[in-house]
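First the structure, in the form of structure tokens, and then the observations on it.
A, B, C and D label the chains in the order they appear, each numbered from 1.
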Amino acid sequence: MALTKEQIAKRIARELRDGYYVNLGIGIPTLVANYIPEGINVVLQSENGLLGMGPFPFEGEEDPDLINAGKQTITTVPGSAFFDSALSFGMIRAGKVDLTVLGAMEVSENGDIANWKIPDKMVKGMGGAMDLVASAKNIIVAMMHSNPKGESKLLPECTLPLTGVRCVKKIVSDLAVLDVTDKGFKLLERAPGVSVEEIRSKTAGKLIIEGEIPEMNV
Amino acid sequence: MALTKEQIAKRIARELRDGYYVNLGIGIPTLVANYIPEGINVVLQSENGLLGMGPFPFEGEEDPDLINAGKQTITTVPGSAFFDSALSFGMIRAGKVDLTVLGAMEVSENGDIANWKIPDKMVKGMGGAMDLVASAKNIIVAMMHSNPKGESKLLPECTLPLTGVRCVKKIVSDLAVLDVTDKGFKLLERAPGVSVEEIRSKTAGKLIIEGEIPEMNV
Amino acid sequence: MKKVVLDADEAVKDIPDNAVLMLGGFGLCGIPENCIAALVRKGVSDLTCISNNAGVDDFGIGLMLKQKQVKKMISSYVGENAEFERQLLSGELEVELIPQGTLATRCMAAGYGMPAIFTPAGVGTEVAVGKEVRNFNGKEYLLEYAFEADFAIVKAWKGDTDGNLIYMETARNFNPLMAMGGRVTIAEVEELVSAGELDPNNIHTPGIYVHRIFQGKDYEKRIEQKTIRKRN
Amino acid sequence: MKKVVLDADEAVKDIPDNAVLMLGGFGLCGIPENCIAALVRKGVSDLTCISNNAGVDDFGIGLMLKQKQVKKMISSYVGENAEFERQLLSGELEVELIPQGTLATRCMAAGYGMPAIFTPAGVGTEVAVGKEVRNFNGKEYLLEYAFEADFAIVKAWKGDTDGNLIYMETARNFNPLMAMGGRVTIAEVEELVSAGELDPNNIHTPGIYVHRIFQGKDYEKRIEQKTIRKRN
């Protein structure tokens, strides 16, 4: 069975380590915050200028001056700090953020990512995505293995305009966990009940399969 | 009569305009703060990280966390702001400081300045002087016209290692007020009782004298 | 040194057609509502607006777009605005998209007197086209130039009569950076106090960067995406 | 995430010989007194110290110089120190002098992930020798590289257990810049409080830049030049 979005988020949450500073993109990545393992403390960074992002506010407690990078109303946790957008991207560029999780339309076998623009569609802009992918020391992509047409999103080369080059380190899709290595996508885990063969058939880029591939524990 | 250091400071103070942000160097420039004309409000910047420097504290009210760029204990005035040294030099480089007053060992007729290093003497460093002279939009030098040996300090070319090039706009010495122009030192005013001839004889660099040169009003 | 002006109309009165403006805010958070309204009233046109976003149809910069006052937007993300999309597709509006961190840092660079900065954002993408690429320690960076604006218009929480500013929470965002990047900087604040009433240790924008300041009124502070959790 | 350490000795215990250190402070204002004392006790040697000044004979970095623990100083101004002068003239100590604003900005650059910056400071002087000069808009600038240190050691007024820091008045100076420039950053604070006790709106150094923190003790806060005016 392919993973649900929640299960993808939950699997990614298992990559978190105590003390990590983490930037979570919009969509599935945001859900990762709901599955932070017991005993692991992470600090969430929001690139509009906050360290220490907390959960959504209770009804009636929304503060218009307090939003996240997705423009959603949020709260803070004790120990939070506000700063301007230049310092925010400064700490990202300086490698102080331990992990960035974001979505993608396409990832290539050498780690290129495309997630901001579709030709002939209205372009809304890259926001902070290009800064994040160019700067983060550890990038995990949360994505569906195939697009709605059934075409693989893990490609030999991206076909869409790039957001960044050679930057993705790991992918957690609805079908598999893969490392992006010098030699291609290395299959690490399969979704429960999903066969290596299915993953192979839905991965257009070079797939490396070595030994037994365990099922994910989600 | 040559001006005293206090009179040089007083004359420079007449260059201040209401609303100016001003950086005053160590020595004679510091004295300028004592002669700010009535009705003129200026904000003093101290490059270690303060806008709104006030006078020295009263005995017993010194605060070790509150010093100026000369490492002297100081106070603040209402409306002051503290910041780090990068922002401090940032606002200087960005041309936000209207006037910088500093001392010099030598100034050349094209506006080069030397004030940080004497060969074969222990070099203490340039501190913020190179940043200030390279960045300030308006630099007035407060200096003696001649050195203790009687040699002119207003030269065709500096002989000492430079602090900055083509940056000095005006000089107020104990003998004269001079603009630094494309064509050399232009004599604007003489100290009371000091003749144009004396100034000419004590200025080694090119001196431009046009029309009557009035006496300073100090 | 008289920085205090009466209101937004006085603050923006000499902004001419074709001016390059920086407008603070992220989404609708921390935007200079009063000045935008005054610019709409004034009807100034052919503006170039440097702003992370372009507002929504009926709020923020969207109000200026509706009046066709904007010639060019320089932003990182411009969704959520139907009129914007219409003008863009019809060619009435020019848009330059810039990575968010690059935009922020280019504004900051002007305020720090740095003519250009290096950033890895956009290397290998269409953003890099025509730009100088330089390798430092094995990593590639783009050379990006500082942004200066004729007028920077920012919104702060508190300000004093000397122009010192303090922002609230994430309404800080681009505001202090743009405050530094304006040849003339206009600040509207929710509360204007006398010089000396703000703690000098907690100033976000020193007054040297601010030329005009006034206390705004009737702040709507619209929320773009109200998200809440349930009480259990 | 355990950033709190017991004291200065624990904070500096793994600093090895030949380490490159940044030490915050301007003159004797805002210097990490406790950590300097611990480094003297530890006796670590051949250090490269990036610090705006070098202390005085019997305080600040001067204490480390007296013990001959410093191989190289990178500073903007190094007066007021007789032992320093002796070691420099005898060739025991290497000194690199850097304009103060350049020094500050190079530290900041590391914390902003910018590999190099452009500054006009030093153009046409001996500081420019061997450096790349570049013209932007008719003005010349030097290319100067970001500074990174193995350990940055800073002193703040207040800090919390998550590493957030607030500095007092002009004791801020180089401290927040160096806090950003350390691969490992150690902060000593006059008062250490629990996360949540500092106003998140007024943090000068966000905790992400700070790896170790402790509450210092017995601060002398020596005044280098006591200047007063008379009461009339």
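Assume contacts are C-beta pairs under 8 Å (C-beta built on N, C-alpha and C of every residue); 3 or more make two chains touch, one makes a residue touch a chain.
Just so it is clear, the structure is predicted and the values come from calculations on it, not from any experiment.
The chains touching chain A as well as chain B are C, D.
With B-D and A-D as the two chain pairs, more C-beta contacts join B-D. If you average the Cα atoms of chain A and of chain C, the two centres end up 29 Å apart.
If you average the Cα atoms of chain A and of chain D, the two centres end up 36 Å apart. Averaging C-alpha coordinates per chain places the centre of chain C 33 Å away from that of chain D.
Residue positions of chain B touching 2 or more other chains: 76, 82-83, 86, 89-90, 92-93, 135. Residues of chain D in contact with at least two other chains: 105, 112-114, 119-120, 167-169, 200-201. Chain-to-chain contact here is organised irregularly, matching neither a line nor a ring nor a star, and falling short of all pairs touching. Pairwise chain contacts present here: A-C, A-D, B-C, B-D, C-D [touch as defined].
Residue ranges on chain A touching chain C, taken from their complex, read 46-50, 55-59, 61-68, 70-74, 82-86, 88-90, 92-93, 112, 122-131, 134-135, 161-166.
Taken together, the chain B residues at the contact with chain C in this complex read 18-19, 21, 41, 43, 45, 51-52, 76-83, 86-87, 89-97, 135. Put simply, chain C touches chain D in their complex at residues 105, 112-120, 136-137, 139, 141, 145, 166-169, 200-202. Within the complex formed with chain A, the chain C residues making contact are 26-30, 52, 75-79, 85, 88-89, 97, 99-102, 104-105, 107-108, 119-127, 157, 167-177, 204, 221-231. Those residues of chain D lying in contact with chain A across their complex are 1-2, 110-114, 160-162, 164, 180, 194-196, 200-201, 203, 206-209.
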